[in-house]
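Shared between the two complexes below is chain A, which has chain B as its partner in the first and chain C in the second.
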Partner chain A sequence: MTGLTVRAEALQKRFHDRDLGTVTAVDGLTLEIRSGELTALVGPDGAGKTTLIRMIAGLLRPDAGALQVLGIDVIRDPQAVQDRISYMPQKFGLYEDLSVQENLVLYADLHAVPLAERQQRFARMLQMTDLAAFTARPAGKLSGGMKQKLGLACTLVRSPDLLLLDEPSVGVDPLSRRELWKIIQQLVDEDHLSVIISTAYLDEAARCAQVFVMNEGRLLDQGPPATLRQKASGLTFTATPPAGQPARQLQARLIDAPDLIIDAVPQGDNVHFIQQPGADLADLLGGAAVQPRPEELEDAFMILLRGESEGQPISTPPTQPAPAMPARRGDGPVIVVRDLVRKFGDFTAVASTSFDVARGEVFGLLGPNGAGKTTTFRMLCGLLPATSGQLEVAGLNLRHARAQARARIGYVAQKFSLYGNLTVRENLQFFGGAYGLAGRDLRDRIAAMTRQFDLEPAAKSGLLPAGYKQRLAMATGLLHGPEILFLDEPTSGIDPLARRAFWRTITALAQTGVTIIITTHFMEEAEYCDRIAIQDAGEMLAIGTPREVREKAGPEGAKDMNSAFIAIVEAARARRAGQVAA
Partner chain B sequence: MRVWLIRLMALIRKEMLAILKDPSSRALLFAPALMQALLFGYGATYDLTNAPFAVLDQSRSAPSREILARIEGTGVLRRIATLESSDQIAAQIDSGAALMVITFPPDFAARLAAGTEAPMQVILDGRNSATAGAAGGQIAAIVARYNADLGHAPPVEVVRRAWFNPNYESRWNLMPAMIASLSMLQTLMLAALSVAREREQGTFDQLLVTPLSPLQILIGKALPSIFIGLVQSTIIFLIILFWFRIPIAGSVGLLYLGLLTFTTASVGIGLSISAVSLSMQQAMLYTFMLIMPLMLLSGLLTPVGNMPEVLQWATYANPLRFGIDTVRRVYLEGASFTDIAPNFLPLLAVAAVTLPLAAWLFRHRLS
Partner chain C sequence: MSAGGFSRRRLVALVRKETRQMLRDRSNLVVGLLLPLVLVLLFGYGLSFDVRNGRIAVVMEDSSAATSSIVAGLAGSDYLDPIWTNSMVEAEGMIRVGRADAILRVPPDFTRDVVSGGAQLQLILNGVDSNTAQSIESYATGAIQMALAHIADRQGSAAPSGVTVVQRVWFNEANTSTWFLVPGLIVLVMTLIGAFLTSLLIAREWERGTLEALFVTPMRPLELVLAKLAPYLVIGAIDLVMCLIAARYLFGVPMRGSLWIITLSSMLYLLVSLALGLVISGVTRNQFAASQMALLASFMPAMMLSGFVFDLRNVPPVIQMVSQILPATHFMGLIKTLFMAGDYWPQILRANAILALYAVLLIYLSWRMLAKRLD
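Let's look at the complex of A and B:
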């Protein structure tokens, strides 16, 4: 099948906001998307990906320009387009109280799928998504990954000519992500379906036939991944730090030199970096051994984006530690967990878990959706009482001295959870007061935090851009100089650029002696951690340094953390299945 | 202790800011109290002010004309139709055009002249019982006066003096009760939304990880709601006192002591609702479900004494019953503390149950 599914010319969309003024979401976009292919839209937050998808779906009317979808002028006749496409928004509207089967039937009714076709279509969807065994289960009781698959199945109850997916893999663990992509791939290969997908994961974009890189409403570049990748050709290297030096330190040093280095991330015990063309790195690298490595799509993406934000260092937040931070270095573990159990009725969310976290460590909790990591995390912060077991945080038992223990921890929630209609200063004043700071102490700390995170005290928090909201959340979590900082999926749904800046902050904090407990879905981020723990079905499957965990995963997982994670979880599931069978 | 207070003050300040900085909730705080007080003051009245009636005068005599003139002379009853025959009566009442139809039979004047009993008929629209009753009473009074003028003095005369509300104005009865009931609507809603909003927006977890104790959170959440409830009561109180000019008989201090206790109990109920709710929608639904029975069982419109005994017992859990009673008695009858002391017990009991319950639920609601 040849031809174009989407043809946009000088497309423009503005939004008017009472507080922010006019925002141009899509700015003179011209592009052509071929049919029968898998097409990716990538770009940082606010690039205009969702706006573009919603315009293609006929849900938003462009302010200017022409847009043809499946040969139809979508501006003039959105209904004709909507009759032939399927669209899965970021948050799909599943009816949580209805069962899997009932959800499918409901969407089939909504799309007027003929009864004769339904049985066959349902059977195929259920088989593809592996949900056949759960047809009677209410959608609300499915795990995050399963919900997403059901959303996709409901989107596909009828056979569309074009499938639009808006960040389907946000907040989905690697296993579920892999399954989701298997389904999408199958649809393209077998049905020659045209699929347009927006994503924050560049390894996903690399699987597509055509990639469009967007930024601030404009198209930065386009082409097949293999062509785009060549932008980074000859600039990508792997540096191995001298024995005994953590890769994280070298990575921090590299990323703080934006004139020489475009990007650097820890990878295994090494650092992957992209250099500026013609840069002399001898001084910067110190004794690290350097080897060229094959370029990837992410490298090209980083080069494109850095070209856009010329001159600005990647990490605006702290290069120097906060001044008044009381350093409480000492010996012994700062978190002690012994035989921790949490049950919800009959369901065991966390089964007899034990581990320690040393002071100043960056400790990562990884696991598929519904693995029990959120439950563990909430118990550690004192948000959820444990059913049994012992929990010590900052030397205090969480059973007896909860308020005192809470005074020593900071917490950054997954989504922005500060008071949106208060200003930055008012938020900080409140939380400072809640931690017992007042008067001069409070003023000094607020000044230090707003300086460190480059925040405008008078700005209304709810109107801050996503990256700054997170900085405010970090500033709030660190205001009282906690010994331990808890971060719950802080990088979920954040683009690579912002993630680099975020981790730079974290590594700087760890150096000042703050212990960091973090959950994440991005497996490559585990490489920033000193130690990680992988949980599934409430059990601790692996714990140790990233390298130890990778080695535990065997040859399959040694390559990178993503494959290590999948290998470990799958091995454990196979073992459990074997036990049940026996 | 100092740190304890710093923490509490930070929370109270944040709560006040959160309420006052949101333009929509700011408008919601004062506009409804003002509007509803005026609406109730003018709109909700059983008094005869402009009651329409129709006349079928088959006697067409001097006495019938005389009585009709006196009826129209009251200024509160208005003749809207003059009927020709008795089969037109039903249509007037059915359509609601007339509240009553007055009929003088053809032999009315003759019987009167003969000194025998001369009945006149008044048909009332019973669907509107309170106003119809008042209209009927009005006619009876006019006829009694007419009889007296004719020299037919009745052997026993009832002389009525209404205490506390000399002119029987229903506004006097309703409006002081509004001081309690209108502000309760708002405080209940405000308190019910306060925790639910935080849970929905995810800010409650951020609050729970701070060292704030449940007691501090409770006080920090309750005080602003109580304060705003009292401000609303004050707005309504001032409107009643200065706009509708209903004089207060009792002590203002005692009135506010009663209101404070009453509002605290309402906030306790609101916070308990809030602590169980996961979303604002849920909290609103629970609040609406609760408000109807609270109003009906409060004695606002119908006396508690008229209710079946089981329901009378149920009213003991209803702070509004004692809130309204306290306000009415202090306002209209000038009751002293000892008079209304029994009202404080149920109010304090409700607060003593709901406030600790809410504090416990903050942390122990299973998610």
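Let's look at the complex of A and C:
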């Protein structure tokens, strides 16, 4: 049990890209990972987490350095390592056209699990993952969370000497995430399994015995979460803005002062922030009440990362907010939804949903995988007709005036859906043209957008860093001056730093009067919203300000949005199960 | 624990997996079983280079017993369909608008010249479609010569020209292109399965990320290669049986070589074709690119350059050299000989040796390509 599972020395891995030249993904990494423990790799995008895991799995050959896994030189004999470890890649590695049982049997055969042992092992895995009722179902027909649990079960058809999990919780809702962690925790406690997991969630890393913080291919720090946390000791506070002032506004002000503030996020009606050591915050806080709060792993992580980009602001705040083009005021809601229903065959994706969104609001749609968020979203954008119900967007009925309504909304898809081989300017010109902008108007809008989002017009879109790609996508969605901007899971798979920058942009946009509708898996991001709605199984479970929703969840959910979400969804599911039973 | 080598149990598990995947994807079965059937029927019945009812405009500028017996000879042919016209101008007009494929002109002093010897007939062919023109030329000259022989016979003299040419076509005596096309179709169908089905297999696993998970198991690359080939060999064998039955009973193509040599050679070519598909799949790692490349690198050349349609002796030397690189060319030559002529051992041995070499090379390449590395 003692001893090392992984031992890396001066490990180096470079990739050659025709456009970007040579990229160093892992740069002189030296680390030792102990066996029988849960170890987390955390770091922003491009930190080298996946590359490191793939090298450990023997899938990539390092350019320099030494790497021993389970005492074997993995560079010389990758197969010997692969015979003893299990690995779940980001895409799970399931055969979608094979059933749950067939996937399990395939991996059991490949790992030569004896038939006698197999039945017992399968039974345990199926029970742990709650998949026992679905053994005959093709993997492709499972929900995202179930797929992920099956992926994990397939890697665990026998007890490996080392389990590698590459970002298993990307794009998975909090409920599924919690179930996944329950399984992992159980395996570590009962079987003393060695697990290495890479993750973008710091709360997940906080459950691990050891945490390695990586950035740009190098190791920033390592240690148990409790030790790492101490970096933020004495620097973490909660600020309560004066009555009537939204927390988001105070948060924006704080995060725009990088000399004084390391990080700030809205939390409930307050703002959690980390100050620079010895900073004088009296002016900046301007009357907000401040109280110290216990430091968390995420605080230490932010301090480490901000130390890397010394003094630079987290995001370039919009210097010159482009005017919200059409000044069609007239108060009253900008989106009206009444008894909205959408059925696919006899499956009800959205059941009788009603809500309003006021002008200039940031409105968040939350829900587990398959809750009906995407369907609701597509109906609001006019991409999908409703089965029944009333739907008004920007004062226009979507049933009759879909085209006019579409001219007043902007849409940013989950995937980067711009042309990668065109420049920023060419993409903007094309989409501007598609919206009917031309000549001087188009030039002016492009100039305003590139200025607002700090984009270089001549840069090739496909080569932009992830954060800038997203800015370009938003610039494209805002080009025609829409009243409403729709964003579909814009922060999925993005690290905390990039997420801060993204939300800073959103906050600034909301100030210019644009209404924003957004879906997200990160519950703490709900705190940036004015109001949120929680959906599950097509039903609207809760709607209101983040605080109202948390209060609705009862004492269990009141502490943060993540637990509130879980409490609300579970209560609704229990109610439904009760109805079915009765 | 590091077993070091090949495991039959893993192979069986992988073969089972590939078979299930193949059977569950309906498009596989459509391309693998239905498309070959359609091709066989289409090529067997629909595509034919034979000319029937070639329209020939006849201009009679002389009228006698001799000329009418010539014309009767034309009308008696299955392959020709004479149209009577009044003048050369009218006939030329017909050829121009495409209502006639040829003109036969009987000049005014034809009867007199037949008696004195040195009679002439004018045959004008529309050369736009040279294949048709050639066929009509030979049918027409054949019919005219027959008629002339009849005239000579009736006059009690020897044939007007001293030599009588007896034409005979070897092997394809019926001279029907079905006989010539159907054996070639086996090549095409075997190529199709490799090009369209196996070329997607590895690419799909790259795209879906399943290969990455599979790599980090005790599985050996060769096991995966063999497992991917196995179910498609079965599909190919079914197609082969289908082609052979159609050739024999539907189209009456002779099968002069031994059945088992035809079968073994076809299966060997199938293996080459499947392995080529796997190599393409492994190089591109992308289903769309793989299917495009397979089309360009295996199916099209097999159709155009293997001698399926065009006789390779008539193409420029460069193209000939290219065609010799294609495994399809060697198999095409072999299968046609086997069907039409019989077992000709030097060719059987040579072609199969070349195919075996390709099979080994391509399987080796696809094995290397799955060397369990992502970079």
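Simple rule for what comes next: the second predicted complex is superposed on the first by the 571 of 582 C-alpha atoms of A that agree within 3 Å, B and C clash if a C-alpha of one lies under 4 Å from a C-alpha of the other, contacts with A are read in each partner's own complex, and residues count from 1 in each chain.
Assume contacts are C-beta pairs under 8 Å (C-beta built on N, C-alpha and C of every residue); 3 or more make two chains touch, one makes a residue touch a chain.
These numbers were taken from a predicted model, which means no experiment stands behind them.
Asker: Classify the contacts of A:79 with the two partner chains as first (chain B alone), second (chain C alone), both, or neither.
Answerer: second
Asker: Output check: A:58 vs chain B and chain C. Expected answer is one of first, second, both, neither. What do you get?
Answerer: Second partner only, chain C.
Asker: Just checking: does A:422 make contact with chain B only, chain C only, both, or neither of them? Give me first, second, both or neither.
Answerer: first
Asker: In the superposed arrangement, which partner chain does A:403 touch: chain B (first), chain C (second), both, or neither?
Answerer: So A:403 only meets chain B here.
Asker: Could you say whether A:381 touches chain B, chain C, both of them, or neither, answering first, second, both or neither?
Answerer: first
Asker: Under the contact definition given at the top, report the residues of chain A touching chain B in one complex and chain C in the other.
Answerer: Shared contact residues on chain A: none.
Asker: Any idea which chain A residues touch chain B in the complex?
Answerer: Chain A reaches chain B through residues 344, 381-384, 403-404, 406-407, 409, 411, 413-422, 426, 429-438, 476, 486.
Asker: Hey, which residues of chain C end up touching chain A in the complex?
Answerer: That would be residues 1-3, 7, 9-10, 12-14, 16-17, 20-21, 24-25, 208-210, 212-220, 372-375 of chain C.
Asker: In the complex of these two chains, what residues of chain A are touching chain C?
Answerer: 15, 54, 57-61, 77-80, 82-98, 102, 105-107, 109-112, 138, 151, 154-155, 164
Asker: Which bits of chain B are touching chain A when the two form their complex?
Answerer: It is residues 3, 6-7, 9-11, 13-14, 17-18, 21-22, 201-203, 205-213, 366-367 of chain B that touch chain A.
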